[in-house]
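Each structure below is given as structure tokens.
Note that subunit A is present in both complexes that follow, paired respectively with subunit B and with subunit C.
Right, the complex of A and B next:
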């Protein structure tokens, strides 16, 4: 590719293909990937196995029996599958992404790669997409295992709408993983030391997972007036608490999954008694309405992923790469 | 002569006893008084001269009364039995040959008189005799062969015509009287138009009956309840009530005056009671109000119950008159509240006219608008634009 001193020539995405393929091959053949995949499958399979066992002994008709595999809380293991994923997906994404860029720095291979005819843009995007694809492959494998086990043990095929909802769940899970992958990559761009970047990413994850709900509660409590006089005031506080919680990607993920896998979910916010009047409880929403309900959450996840990626992009572009 | 004395003594005794009762004296002194006044043994009957029918069995009741005498067995016998007649002395339903009344008590007895078919008309005097060790008494009974008053029933209704709708029940009280000299078991029957149900109950009882015993000369109240079929046309319907016993029958005609009634039904054209609506937007559902009854309905008003903050209107709001068998379409305009949450809701529509009303529960699936979805896509587009801006600004080489 001819060089020019002025503006850019050619597409910034030239060379993204080889980078993507190489990274993907590295990921899929690495021992780390093997460990992570095992990790996620064991973590996912355990609750699924117990919930399937429970579903097999349950007698009763349920229009969304297949989706219950994902959502019911098994008796023996008090974690539903979805909650386990909420916990494990960030871990896997961080595991994949914490050394994406700084390991190249440390091995002094970055300048060698960048001497090839490709832009930095392509390198970063290729690395990110490869990580996302790896994540998607692992999640899809898990998803297929769950579906296959369900078919085998429940002995009945899922309905089309159930498959569609489960696929939607997979997409949301990948987007959730993408957010954490982008975060991990951001830290790998910011810090040269892989240990620092891994610690920072894990720290942020722990912050959102453990600390943030408490902080959100504390902030909400600060806004509580001495006396709650009206329903509107109460609803306002509830909504504030929810809005703070939703800053955490984990909340967005669990809300989106709740509405997708529990078709009876009508709203993710507080519901006024006046809105309940005349409502037929337990009636499932059509898929389109459920998608509309979770659309803000999905939007938040995807937009968050793009924004974090943009930030790491800007920092990476401004960094000096020496041979 | 002796018989005459016995009878006179009896009259005197009873008169004395009556005055004693009026004077409210306790019974014991009365008994002693009676004993002191009239001691003796009597054969008594209410009707010493009776009519019997050839070829039939008649019972003649009599009593053996002991007043102040020590009890002793008294042999009973009959004298002057006409040839061919079969007369048995019965006590407590059994043939007896002797009786022993205790002091101041009586024994009830009867003659079972079987008169042969070919018995000639005329009077026969039969003598009943009771013979003890110390005394013997007799009672002559005159039996005349002739016509006994035949069994006769009358049936009367105080309110022979009732008015109501097909939904009401028609209760008629009838009094059945047995005007004959015999106890009768009266069978009851009613002839009603087809599909009308009739049930008989006795007085205020609730049990259904088909026959009831009525003592001679007595009357009993019987209730007949007629239930017309629901889809009966307006008009007058007669019901013939029959009471029959042995050879006697009595009839009474009662009438049901049934006025027609409207019957509302509320549904949709294709019977589907569900529909879709969007939050904050009006939706129209076509309801069909029909009159399945037998009379026109006036002033049918439409109303509806919808979830809070929803609006419902009807077009037209009311129907002035709906003829029997007619149907009219009504447009229901429902606006879900702006703050409604997506999902299924129940709205109840009601049509009410004079005399009847109908309900229909309508299931409305509320969907939210896709506006926010578009906003979400816009937010993602903005994020991508930021990324593109970064690429344009910071792109190297």
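Right, the complex of A and C next:
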């Protein structure tokens, strides 16, 4: 159906299928993909192997044994699997996305491709979706490996609710990767040089990982009055600190994952005595409750992805095609 | 609609305040080869990009095959083949794979794809290397692959931006031959270039671009008459006594200029070849060469811009 968008005729999605298929084939057959896969396996295998070793001693005493593979902090390797992912997923996404658009400029293929019947919309969205699919495939593979290893080494099947929670975790991980993929693609639209765009995306990633927590602390400290006189004041400060932290996609990811994989998590904000009332410490929440709890985090991640993608879209529309 | 495949009226492009394309009127007729000629930065590429809807139009209008590239870019791009200057392909893919991607974008039915690609590659002599990665292709081969893409597309109009730049004389000759073949297939061709003598031979009509304006437009002969003045230039090589004097005394000869050892250039009001031959022989000389010089676009161009500079 012809659709009009700002006076243009024809669907903005014309041609998105071929773009998606080509990009996906490129990703899946690329050496880079192989490197990235090795990368996450190495990063994931260590924590998982050591948590499995530790978990074998606690079989039977834990209702959510399977989920602990993802979350416990093994003695030998002091990073849980999810934290390793928190760190590695952005790297993967940046690795896939930093040259999505500017490589077309540099290969001088952009004007030739855009002289075929498709809008820039389709090119950008097709590339993004192909990157996201690749990311999802890699993460799903990793997820299956962890699950398989768990089955083999723990020797007992996970319960349905554990599988459901672990699947939820996979979805959150893909959304988190999507944010960073959008960021990487944004830089690939803004900068013609692939090195510059890679560096910028990595710089932003380092900023959020290393500097942002410190900055958030400093800002909060600036708001601390000489004397804290009321509980409200205290909570206000806590909330400010948390709100600042949540501007980092990594925080949203950890919070969502925490609530999904630790069913005992009852709140993701500062906890008040009123919220504790009637709650038996250690009693797990039903899955529905946990999902409600992480809803803001998940929508935050998806909204972030959409905002960054839209920014790239706006810039790309105005860009001159000639190299 | 008329016989025109492309119609531009008052087409305007501003970059900042600069009028890069300055309200030009231009028509390309069905089945002709039209040359857009001009120095670097004259606005040729910008004009082409506006025709394809690949850059915004600041004013005026352009109509391509009855469609408006601003509002109906997909319709235009389905029917027009474009070879950008310094065309690029995906180096990691073969020529065939590159064309398959284009075919998918064009939504060519799958069972036709293979045949159309091979036919197109055969028409530009790339069938033998169809499965080699494009990374191994020379510049001339890439340029030919670009033509193959247009052939496969079955475009009604082909727009070629500097198709011969960076090619050696032989590759240029081959490429021009392919452009002629496009024309024989009924495709209207718009090509841009600053290499005048090479494109002169293929163009039915040309437009001379200068600083965003069309300075002159017409057939090469028309332009020559306008800029160089009417006349028949001849090149004569002969031996004998006072050849120049003999030539100068022929009725209708306006100018005799020495052009090297035993050679002269003659400009006359009409065709004086028969008389020249007769007079030289009867004066006891020997005529070794007598040729009708085509007016050269190069000359037109140089003269025109010299005069334009003088006028400024």
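Here is the rule we go by: the second predicted complex is superposed on the first by the 311 of 323 C-alpha atoms of A that agree within 3 Å, B and C clash if a C-alpha of one lies under 4 Å from a C-alpha of the other, contacts with A are read in each partner's own complex, and residues count from 1 in each chain.
Basically, a residue touches a chain if its C-beta (ideal position, glycine included) is under 8 Å from a C-beta of that chain, and two chains touch if they have at least 3 such contacts.
Nothing here was measured: the structure is a model prediction, and the numbers come from that model.
**Student:** Check whether subunit B or subunit C contacts more residues of subunit A in the superposed model.
**Tutor:** The larger set of subunit A residues in touch belongs to B.
**Student:** Quick one: is A:148 in contact with subunit B, with subunit C, with both, or with neither? Answer first, second, both or neither.
**Tutor:** So A:148 meets neither subunit B nor subunit C here.
**Student:** Taking the superposition on A as described, I'd like to know which of subunit B and subunit C A:267 touches: first, second, both or neither.
**Tutor:** Only subunit B is touched by A:267; subunit C is not.
**Student:** Should A:157 be classified as contacting the first partner (subunit B), the second (subunit C), both, or neither?
**Tutor:** After superposing on A, A:157 lies clear of both subunit B and subunit C.
**Student:** With the two structures laid over each other on chain A, which partner does A:286 touch: subunit B (first), subunit C (second), both, or neither?
**Tutor:** After superposing on A, A:286 lies in contact with subunit B but is clear of subunit C.
**Student:** I'd like to know which partner A:306 touches here: subunit B for first, subunit C for second, both or neither.
**Tutor:** It touches subunit B, and subunit C stays clear.
**Student:** Using the touch definition from the top, say if A:295 reaches subunit B (first), subunit C (second), both or neither.
**Tutor:** A:295 sits against subunit B, while subunit C stays out of touch.
**Student:** When the two structures are overlaid on chain A, which partner does A:119 contact: first (subunit B), second (subunit C), both, or neither?
**Tutor:** both
**Student:** What residues on subunit A does subunit C touch that subunit B touches too?
**Tutor:** 8, 119
**Student:** Of all residues in subunit B, which touch subunit A in the complex?
**Tutor:** 305-310, 337, 339-347, 363, 365, 367-368, 370, 372-373, 376-377, 379-380, 382-384, 386-387, 390-391, 394-397
**Student:** Quick one: in the complex, what on subunit A touches subunit B?
**Tutor:** These residues of subunit A touch subunit B: 3, 8, 12, 119-121, 266-267, 271-272, 274-275, 277-280, 283, 285-286, 288-289, 291-293, 295-296, 298-299, 302-303, 306-307, 309-310, 313-314, 317-318.
**Student:** Provide the residue numbers of subunit C that touch subunit A in the complex, in ascending order.
**Tutor:** Counting only subunit C, the residues touching subunit A are 45, 49, 52, 54-55, 70-75, 77-78, 80-84, 86-92, 101-102, 104-107, 146, 149.
**Student:** How about subunit A: which of its residues touch subunit C in the complex?
**Tutor:** Touching subunit C: residues 7-10, 14-15, 17-19, 21-22, 26, 107-109, 111-119, 320-323 of subunit A.
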